[in-house]
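For reference, the structures are reproduced in the following blocks.
Consider the two complexes below, in which chain A is the common component and chain B and chain C are the respective partners.
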Partner chain A sequence: MPEKKQVNKSKKRVDARAKVTGKAKFGADLKFHNMLYGQVVRTEYPHAKIININKSKAEEYPGVEVVMTAEDIPNNLFGVIIENQQVLAEDRVLYIGDGVAMLAARSKKAAREAAKLIEVEYEELPGVYGVEEARQADSPVVMPGEENNQVIHHPLRKGDVSEGLTEADIVMERKYTTQFVEHAYIEPEAVTVVPEERNTLVTVYGAVQNPNATRDAVANVLDCDLSKVRIIQDNMGGSFGGKDENISAMACRAAVMALATNKPVQLVNSREESIIESYKRHPYTMNYKIGAKDDGELVAMEIEAVADSGAYACQTPFVTWRSVVQATGPYEVPNVKTDTYGFYTNSPYTGAMRGYGSPPVIFAQESMMDELAAELDLTPAEIRRKNMFKNNSRTASNQKLDNHEVSLTEVMDKALSAIDYHDKYEKYNQPQDSTIKRGIGFAISYRGVSLGAEAIDAAGAIVSVQKDGSIILYSGLAENGQGLKTVFSQIAAEELGVSLERITHMETDTSVSPESGSTVASRSTLVGGSAVKKAAENIKTVIAEFVAEEYDYSGKIIYRDDALYTKEGERIVAFPELAATAFHNGVFLSSYGWYKAPGISWDEETGQGRPYFTYVYGCQAAEVEVDTGTGEVKVVNMSAAHDVGKAINPANVRGQIYGGAVMALGHALMEDLGFSKGFIKHTNFDEYLIPTVKDAPENIEAIIVENPDPAGPYGAKSIGEPAMELGGAAINNAIAQATGRRLRDLPLNLERVLLGRNLSKED
Partner chain B sequence: MSEIKVEFTLNDNKESVVVPAEERLLDTLRERFDLTGTKEGCGVGECGACTVILDGEAVNSCLVPTAQVDGRQVRTVEGLAEGDELDPLQQSFIDHQAVQCGFCTPGMLMSARALLDKNTSPTEEEIKTALDGNLCRCTGYKQIVDAVEAAAKKEERE
Partner chain C sequence: MKKDISFYHCEELDAALKLLAEDNNLKPIAGGTDLMVEMRNDENFQENISGLLDITALEELQGITVKENHINIGALVTHQEIVNSEVLQEKYSALVAAAAAIGSTQIRNRGTIGGNVCNAAACADTLGPLIAFEADALLESYAGERVVPAADLVTRPYQTVIRDDELLKCFRLPLPAADTFSNFQKIGRRQALAITRISLALVAQIADGMVKQVKVVPGSTTPVPEPFAGVEARIRDRKIADLKPAEIAAAASEEMVSITGERWSTPYKKPALETLVTRALVQLKEVADNE
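Let's look at the complex of A and B:
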């Protein structure tokens, strides 16, 4: 294979220059002629009946152009999986972020002031807060029209778990919980809707993570054709799964007001509005029962994982589905019984967040592996090596891992050696005199790549060569800040042998870009990248025919250095000249590329099948320092080894690993919304703390492991979510070694680390 | 409501505006001067996305009333490059892949610029102290700190 010029290289990001100069426009930076500023009025209670809304004072406020409530919205419900999310609450508010009215005014100030004049009369209702209550037979029903609060139940049955537990020498039962987590993208949500622009009914600009999902919602709410709604993505100030349904709700509201006023309407959330309204990561309550032999061999796992869906179904059915597949971890277990549930409550609704359903179950299951090891007098490494998947292992879904390299040994060896794990583990097992005690821990995982059995998994792209040899690239999957445009441009440049500067990667535009599903599930490089590669390959097929005709060469063409060469290395023509000549000869050098992922299968009743077409493997280790006088934890070092198949851009991959590890650190140690009966107390970054540069570990060793996968472009798989699913368990295991006390509830804040329990009343 | 005339230097240009007494510098920059590189992330001085340099100090422009910048020097991210010539920090952020979503980037750059203008050879700890008021949710900070360190070394050599 000739050396790659563009891929597997740490190319600089194609969007970096615009971002360091301040020229990159984000949702709130846009201005349109005659633009109005929207403001949403939200409920005062987490659960209440709306008795009356008086808009008249707000309507009279100078500068106000329209005031609207649910009755003004053509179709008030939307949702990606189950359509039950209200654009504005109609009769009942179901959580503290529900909007009840909205208005648009000629200035931000008028919008803010007028919103205060909307009078809403409520009848407060008792709410359901927490899944324990929600699943009781006599619990009030949260979702109107449902019989009970269950959103979903995913069973998985393999072997005979009762028999397995009888055969076990040891059976351990443990309960673990995780908390609601805020995405905390630094850019609050922002959208602008322009009515009747060009030939559409509405054009939506803004921080839209999944343009096609938002288009579905807006078209559904306006009751119009998809072709009449155009979504053009702006730069995204972070998303992490978090700018989907909440942005769709905002786009729907702005669209209704834009059509009512025939003026562009912009909606920008303050941080407080963002935290109160936006969906969160699902909190989980997990009961694990594990049976093992004396030598550590796992014989049975019985798991119940219960997720709090909050007020809407949102993505709960799929989030919990991923939990099922990963709940047993990367271990061979002959007998498994898993039940994963989601329940409605009157808490904020929960949806996609980086990792989806895996971080909670990995926290539980990888904590428990250490607990089991300690009980059996084995080391954490020994118990994992004894049970972890190898090539041809069978998963809990009975899928045989036979189409890719199962690289758990490699990732574990590399991560542990990079942080000097074994020596430190021995050292920290000795008595430590100081009140500052150190510990080291790690976790491993396997993760299904892409959507799996959630949905059809296909994506498209357009590569269009212009007559001067410059190239326009459109992708149906979207840049969310992760570096997608750079990676896709590298793939197109590699295939066509051109420099990266020749390529302009456009913003995703739903009226142009092929509908490709959502930019989620760490699927972009594999699925979207393959589509870009396919488009470029299609163009090369056309070029080959043209070259045979025009340049009298029909052998293999080598594309490199902005020119075409014969296989003997003789230059045929420069790429720009080829593009011009082709154009003037009526040859079309543009193509759609479409990639459909390999097949999968899933039995809803038993959880058996082939849920994902391939997997990635990772190991992260953390070394902590615990102040046993205060409970303060400092993560000193981390190492992270991830098999990404092949890194298209190693510097980007490392960036994902560093960012994922630090995000996991935040979830593990500090992030807490301060819930009190459906109210959120921590609504800004002065109280909802996320890691600063000083909270980040002094060193994170990011190790890229490459076992190319036949399914991915150049063998590439994924990294975005794998990088953040392991840190919580690794840190928890390190704290347990340092303090000698095992914690089972996130976050591992000062009180829990110091006293073993939380002092807040909510606990 | 009282309005105040404010004259100040913005990215080396003399400017004059009349603003309500309570108007935030952040809004003046974004709305009156279209300098939208300065971002609003929290509005309470916690995230640092709105950081600008005021008389050599990095400040959160969401906490500074415009009235207070009368007679003073304000520098925003748009004032870092000279024409096409990027500031060494900007180039270093590009070279070290220190940019992901890019929303915190302008604030990070301004905090780092204020540091390097005062301290040409900062230690890693000094860099972290300077950036401690700038939140980033994407990068885990590693490549940002690397970028600032490298820029400092480059500036010191030159």
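Let's look at the complex of A and C:
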């Protein structure tokens, strides 16, 4: 293999300059002639009947152009999986973020002031808070038209779990819970909708994570053709899975008002509006029953994982599906019975967030492995080595892991040695004199890459060589801050042997870019990157024919240093000259590339099959210092080893690992929305605490492990979500070692760490 | 619609005090790190005042000045200036530690000690050390000056004795005796930008192995930071070698509960406060041992 010039290199991000110089435009930066400012009026109660809405005072307010309610919306329901999310509440509000009315005015001030004049009469209804209540037979039904509160149930059955438990020498049962988590992207949601622009009905600009999903929602709500709705993505100030359905709702609202006024309408959330309205990470309640032999061999697992879906179905069916696949962790277990559920409640709706359905189950299952090890007098490393997947292992779904390297031993060895785990583990097991005690813990995982059996898994890209040799790249998957444009540009540059500067990666534009599904599931590099590679390869096929004709060379062409060479290393032609000559000879050097992921299968009744076509493996370790007198926890060191197949951009991979580790730290230690019967108390970052740079570990050793995967471009797989799903369990295990007390509920705040239980004003 | 308000900027103290005398509904603004947040959060904030008075240019409120028997810290001195001051580091380390623990770099660069105290949150970090160092507040109005002990300045959360026509000019801190020990600790939910869950300021004057004078002021434990007299009585005029930190710490948490009653947070705050008191006293004993 010749040495790679562009991929597997830490190239500078292609969007870095614009972002650090402030030239990059974000959703709220856009201005259009005659643009109106929208404002949404939200419910005062988490669950209530709307008796009456009086909008007359608001309509009379100077500068107000339109005031609307649900009855003005052509089709009020949308949703990626189940269409039951209200653009505006019709007769019943289901959670504290539901909008009941909206208006557009000529100034922000007028919009804000007029919104206060909309009079809404409610009849407050008792709400359902928490899945325990939601699953009771006599619970009030949250979702109109449903018979009960269950959104989804995914069963998985392998072997015979009762028999397995009988064979076990030890059976342990534990309950774990995780909390609602806010995405906390630095840029609150922003969209602008321009009516009747350039042959469309509406054009939507903004912080749109998944342009095609938002297009579906807007076209559905306006009851128009997809071709009449154009979504153009702006730069994103973070997303983490969080700018999907909430942005779609905003785009629908702005679109309806834009068409009613025939003027552009902009909607921008304040931080408080964002936290109150946006969907959260699902809180989980998990019961794990594990049976093992005295030597640590796992014989059975019985798992129930219940997710709070909040007011809407949103992504719950798929989030809980990932949970059912991964709930047993990366271990060979002959007998498994797993049930995952989602239930409607009157809490904020929950959806996609970095990690999707895996962080809660990994927190439970990797905490439990440590508990089991302690019970059997084994070390955490011993019990994992005894049971973890190797090449050709069979998963809980009975999938044979035989098409890629199962690298758990490698990631575990590398992560543990980087943090000097074994010595520290022995040391911290000895009595510690100080009230400030250290502990070290780790977790391992396997993660299905891309969508799996959730949906069709294919993506496209356009690579278009201009006559001067510059290249325009369109991708159906979107840059959400993760570095997609850089990675895709590197792949195109590698294939065509050109410098990165020749490539301009355009914004995703639904009227140009091939529809590629959503930018989710850490799928972009593998699925989207393969599409870019395919497009470049198509162009090279055309070039080869043209070179044979024009330059009389029909051997293998080497593309490097902005030129074409013979396999003997003789220069054929410079790339720009080739592009010009081809153009003037009528040769078309542009191509769509399309990639469809390898086949998968899934049996809904038994949870057996091939849920994902490949997996990634990771290990993260955390060393903590716990003040046993105050409950304060400081994560002093972390190490993280992730098998990414092949790192297209190693610096970017390390960045994902650092960010993922710190994000997991926040979820584990501090993030808390301050819920009180459906109300959110912590609506800004003074109270909703996320880690500051001072809370980040002094050192995070990021280790890239590369076992190229046959499915990925150059062997590349994924890193975005794998990097954040492990940290919580690792930190929990470290705290348990430091304090000698096992905690099972997140977040591990001052009270839980000091007292072993949470305190709340409610109790 | 929010009412328009006036914004005044004064270069001279007299002019500012005259304005305050004429209009008793002006709100002074310095660093604005609390006030700006309050203005955004409180819908009626502008309804309730006639205007803002920018006091940042008033020289009399600035700077740290060393006098013969005391040190003046101007109300406009920022937290970062306190952190950087060599004389404060040397003589009032607990105050410096409190200032260093506030907010973030940005907040410390803008926020002032005057604002921290005048905002009068129960979790204001600098008030405890000021009380412990027995500081006086110098209040000035067009009519004249008055002196109020820092301990009497705040009457209840977000409420001080400062009149509408007065400005806090500076804090006057008596120079501590040669062997003065001081300690400040703080617990937050994260390492920066965290509202204090509990803090403790302890200042003790040591002589001949005895504690001659002591002030123990916990923060965020009572509605207003106040010296714990019962705890102080268990330390004052005692031999340091005889002090039993754990017992005194237990008395401190009892004293807290006697003031606040049992609250939802008490099960946490009791042991946590005991930890802070124990640590301060253990450190005091170590320092005394080394002398």
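Here is the rule we use: the second predicted complex is superposed on the first by the 760 of 763 C-alpha atoms of A that agree within 3 Å, B and C clash if a C-alpha of one lies under 4 Å from a C-alpha of the other, contacts with A are read in each partner's own complex, and residues count from 1 in each chain.
One rule holds in what follows: a residue touches a chain if its C-beta (ideal position, glycine included) is under 8 Å from a C-beta of that chain, and two chains touch if they have at least 3 such contacts.
Everything quoted here is computed from the prediction, not taken from an experiment.
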Considering only touches as defined above, state whether A:Y658 meets chain B (first), chain C (second), both or neither. first
Which of the two partners, first being chain B and second being chain C, lies in contact with A:L754: first, second, both, or neither? second
After superposing on the shared chain, does chain C or chain B touch more chain A residues? B
According to the stated criteria, A:K25 is in contact with first (chain B), second (chain C), both, or neither; which is it? first
Once the structures are superposed on A, label A:A292 by its partner contacts, choosing first (chain B), second (chain C), both or neither. neither
A:T692 contacts which: chain B (first), chain C (second), both, neither? both
So, A:K12: does it touch chain B (first), chain C (second), both, or neither? first
Is A:I53 in contact with chain B, with chain C, with both, or with neither (first, second, both, neither)? neither
Give me the intersection of chain A's contacts with chain B and its contacts with chain C, in residue numbers. 686, 692-694
Of all residues in chain A, which touch chain C in the complex? 109, 113, 435, 627, 629-632, 634, 669-670, 686, 689, 691-695, 749-751, 754-755, 759-761, 763
Going by the contact rule set out above, which residues of chain C touch chain A in the complex? 1, 37, 104, 187, 189-195, 197, 264-265, 267-268, 271-272, 274-276, 278-279
Help me check something: in the complex, which residues belonging to chain A touch chain B? 10, 12-13, 15-26, 28-29, 31, 183-188, 235-240, 270-271, 480-483, 651-652, 654-655, 657-663, 684-686, 690, 692-694, 696, 700
Chain A partner, complex, touching residues on chain B are 30, 34-44, 46-47, 49, 76-78, 80-81, 86, 90, 93-97, 99-106, 109, 128-129, 131-145
